[in-house]
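Both complexes shown next keep chain A, but they swap its partner, so chain B is in the first and chain C is in the second.
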Partner chain A sequence: MSQPHSPPPPPAQPQPPNMTDLLKKPRRIALGCEGSANKLGIGIILHENDTSTVLSNIRHTFVSPPGTGFLPKDTAAHHRSFFVRIALQALRVANITIPDIDCICYTRGPGMGAPLTSVAIAARTLSLLWNKPLVGVNHCVGHIEMGRAITGASHPVVLYVSGGNTQVIAYAEQRYRIFGEALDIAVGNCLDRFARTLEISNDPAPGYNIEQLAKQGGRILLDLPYAVKGMDCSFSGILTRADELAAHMKSGGKGPDGEAFTPADLCFSLQETIFAMLVEITERAMAHVGSSQVLIVGGVGCNERLQEMMGAMAAERGGSVYATDERFCIDNGIMIAHAGLLAYETGFQTPIEESTCTQRFRTDEVLVKWRK
Partner chain B sequence: MSTELTYPCSLSLDVPFPDARLANVALQALRVDKELSALVQKELSAVDSTLKVRYKATTNRMLRVAVNSFFDSLALVLEVMEQLDVDVIEARKAEEETG
Partner chain C sequence: MTEPATEFPPPKILTLSPAHKPILITQGAEGRLYKTPSPFQPDQFCALKYRPPKPYRHPILDARLTKARISSEAKVLDRCYREGVPVPAVLAKDAAAGWMMIEWIEGEPVRVGINKWLGERPEDDAVVDHSQEDETPLIDLMKRIGVAVGALHRTGVVHGDLTTSNMMLRPWADDRLPNGHGDKAEKAKAVAGDVVVIDFGLAMQSQSDEDRAVDLYVLERAFASTHPRAERLFHHILDSYRGAFKKAPGVLHKLEDVRMRGRKRSMLG
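For the complex of A and B:
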């Protein structure tokens, strides 16, 4: 320092990357922080030439008691209390040092405000302490890019199904375009809330427990509304009807065949109905786009019955279904790191003072500069 | 509604940091998110190694809610500084390597 008596300089702002230098680097590494819903995830990804390697992918889930959902305030408190622990674990597993990291990525939205903000504050702090650029990532784009990277699906129709989102997406001209979506609640929200009605466990996830229960059902397919409207779906009316049937069952009521039915029969009927709707709108999108690949991402994408039904449809069209397991389907930090690093490699970054979060952030708002 | 809001309830905090760098990191990490309610106003600044926090609100209730939330965020920033700053991580790694 040449002027010892001047006031302390502000900490150096991370400099925009010199892109030729960055792309010349044989190894590029990003740390991603995700906390848009009840999972806190931190992952570290390595891009080497055209290959992506997961160096670490650590997650901790806030599980609420049976019969209840996760509230924003409690979920944000969970993310705050686990952030440091999960970050240290991610660094340890990846076995890298801070200078190896090129950028810090965080979920900008969509999601629940308080949990998003709690993780963004921690991500900003890391970015400033480590003097690394920050990259804000669209959560949905994170799911899509991670699904593509893991499965190798090149140009799929994407079905993104989770607790907060239900979208049929196809890529065209540097945007992930939404062909169809839920008009009210997300498909996963319908499942989560029905799990609350039945007061079944939220551990590891309500949808998982519905899926297991549904395997014991199927004696009868109970009549539920089928609500496909063009390319869109509606789930709230189906949930209302399923809740009514559950109340009927609990009070000793019989099914349409005069026999009693069980929670397992309800779970089976709910899954069959809503997944059939998803298969229908996905098939229509495939016909529009002329694609025979379906990529399923998002937490509901773990459901093997959904994968099976989608697979049967895709096979009839001479195509196939691409899905990932819970490590990548369910919200995670690695997808944020991966999508963030893809954007960063095109020169994108989020200045600290603009690194806000937003509960609403549509998939098609993102310019997908990294694809042709 | 054209009634002007007044902010009679206020709170000032001076948060000391070990050095100006860390005070500045906290400032930059915490000033980005806007207050969710128009009934609360927040001003942050860093003077040397002190983070200066000024809250004004229309009611004491709003003030309490906003300041509690600020403390939650501040605690997270402090924990990240304590556990994840570059020198802390290097020291921990060195310790692990020497056993």
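For the complex of A and C:
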């Protein structure tokens, strides 16, 4: 790793302070590194008594050309070449010095192997360079904790929807338990791949561009499969059917009403169908656990139509929906810093020789010691 | 199940006869269940299952789903009823309007019966000496559950949400009830009655061992979490299932696999 503007080497620090010392500290600061998919994010968080403050949250996204997805090799190369730049920017914006930092947090998984590895190596390097303890973080738990911190939702049912994950989660007895999930591809993957079919731009994100296009649709609702099984759902069959309809459209085919239809009609119909499925499984989980709060996290959670539908469902149940904007919904470093610092404050750390990463890491594997 | 946050208007069908006020029995995520006098036999009750429109859903999609779900649930119930599986009979339906009217099943859910039997006992199972107790009435109930599930699967239907809340204990006539008085007889009465399977909202027609095994697995998990103190008797359900259903050995073999993997799926990115 080249470091043209390497910060001055810190004075030798004692290895991780013991926990009573740490909790006596009025200000605790963590730096978090995220790179499980095509976003490289580095964030710095401050925990002061019971409040969390975002000191910096810098992100750089690898955008692939229209019609293509991001490949692990290229994405990892992107993360490697931007890491130092983004890390320095995060430190600068946060306006802190290296001795202020208590721990380095990084995404252990789940995610794509090569990008995860690149960022884990970089995090390990920072840990050794600055003599700071490492904390490996579950990406999904990062999303949940950041969503809770930003919105103030205390005990919500969580819908976690992104390019790689689709889960309905509720907290019980020190675990985030998965009540429902996608049985095949994730909802965001379905959207991303359909954007490729239509050759929509991937900048800033394929899902965002589908959302904008869908706003021009609405004349007709094209018939797509609806695949909910209990609290689980499936998206691959819907994608296949949507791709078929797109091919039909491109060859000049007509819709069920005898009129031609447009990419906007397809995007509209796809969103209406898959979001209805997500809201349905979320409602079922809410009825099951008796909660009226719902928190949406993950990149697809930025979608305002999804938030609107979820809001209508929650309102009918006498509750409300909590959502965040793209700074926190889309993968970011601050959520890794926040969840990592929560774990670190309970005494958790990841010894350097165990600081691996993994593509498969279920949300319910994490012992959530920081909640009652 | 949470109480409805607001008062919902009943479906139109229940407002036609102003003399009778329908009683809202449950409000789940799926729909509502009302108890109302039967329009066919006014001295009897019937249950009305209603799937209200979902405000968040596109109206065309909503209409399509409601219609398909009421139709399929009624079809599955009809099939079971015809084949002699103990389920409520379908009396009437209007799938497009989102309701079906079914037989009212008297009695309490099996869950309530089992919990009455178990009563207030120390939480720690280990200190209770079961050998001192005659558990025959409870074991008999477990056997009747196994027979009911076996009959269901024989018909080519999987329930999708088998729990002790989704089974009713329809009371027996007095001459079939256990004799005697005192605590012992009261306990036996709590678990007396025919097992009737209800709520086919997630049911589907399937002949596959995998689907049937998942059905049993859901019941096993639900049983263990609802009645941890009776978990050690669960095998009686599977034993009588084996006796009631010719293809049970294949299903029970598959159940071993399903138990091993759970519902868990290893997560990719």
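Please note the rule applied: the second predicted complex is superposed on the first by the 355 of 372 C-alpha atoms of A that agree within 3 Å, B and C clash if a C-alpha of one lies under 4 Å from a C-alpha of the other, contacts with A are read in each partner's own complex, and residues count from 1 in each chain.
Heads up, the rule we're going with is that contacts are C-beta pairs under 8 Å (C-beta built on N, C-alpha and C of every residue); 3 or more make two chains touch, one makes a residue touch a chain.
Note that the coordinates shown come from a computational prediction; the quantities given were computed from them, not determined experimentally.
Colleague: So which one touches more of the residues on chain A, chain B or chain C?
Modeller: The partner with more contacted residues on chain A is C.
Colleague: Now for A:Ala276: first (chain B), second (chain C), both, or neither, which partner does it touch?
Modeller: After superposition on chain A, A:Ala276 lies in contact with chain C alone.
Colleague: Pick one for A:Gln359: touches chain B only (first), chain C only (second), both, or neither.
Modeller: So A:Gln359 only meets chain C here.
Colleague: Please indicate which partner A:Ser292 is in contact with in the superposed arrangement: first for chain B, second for chain C, both, or neither.
Modeller: Once the two structures are laid over each other on A, A:Ser292 reaches chain C alone.
Colleague: Can A:Gly41 be said to touch chain B (first), chain C (second), both, or neither?
Modeller: The answer is neither, since A:Gly41 touches no partner chain.
Colleague: Could you say whether A:Gly147 touches chain B, chain C, both of them, or neither, answering first, second, both or neither?
Modeller: A:Gly147: touches no partner chain.
Colleague: Should A:Gly111 be classified as contacting the first partner (chain B), the second (chain C), both, or neither?
Modeller: second
Colleague: In the overlaid three-chain picture, which partner chain does A:Gly319 touch, first (chain B) or second (chain C), both, or neither?
Modeller: Once the two structures are laid over each other on A, A:Gly319 reaches chain C alone.
Colleague: Which positions of chain A sit in both the chain B and the chain C interface?
Modeller: The overlap between the chain B and chain C interfaces on chain A is empty, containing no residue.
Colleague: Quick one: in the complex, what on chain A touches chain B?
Modeller: 8, 10-11, 76-77, 80, 83-84, 87-88, 91, 97-98, 113, 117-118, 120-122, 124-126, 128-130, 352-357
Colleague: Quick check: in the complex, which residue numbers of chain A touch chain C?
Modeller: 36-37, 110-112, 163-165, 181, 183, 221, 223, 226, 229-230, 272-273, 276, 279-280, 283-284, 286-288, 290, 292, 308-310, 312-313, 316-319, 359-363
Colleague: Within their complex, state which residues of chain C touch chain A.
Modeller: Of all residues in chain C, those touching chain A are 1-2, 4-6, 28-30, 54-58, 60-61, 64-65, 160-161, 202, 264-269.
Colleague: Which of the residues in chain B come into contact with chain A in the complex?
Modeller: Interface residues on the chain B side: 20-21, 24-26, 28-34, 36, 48, 72-73, 75-77, 79-81, 83-86, 89-90, 93.
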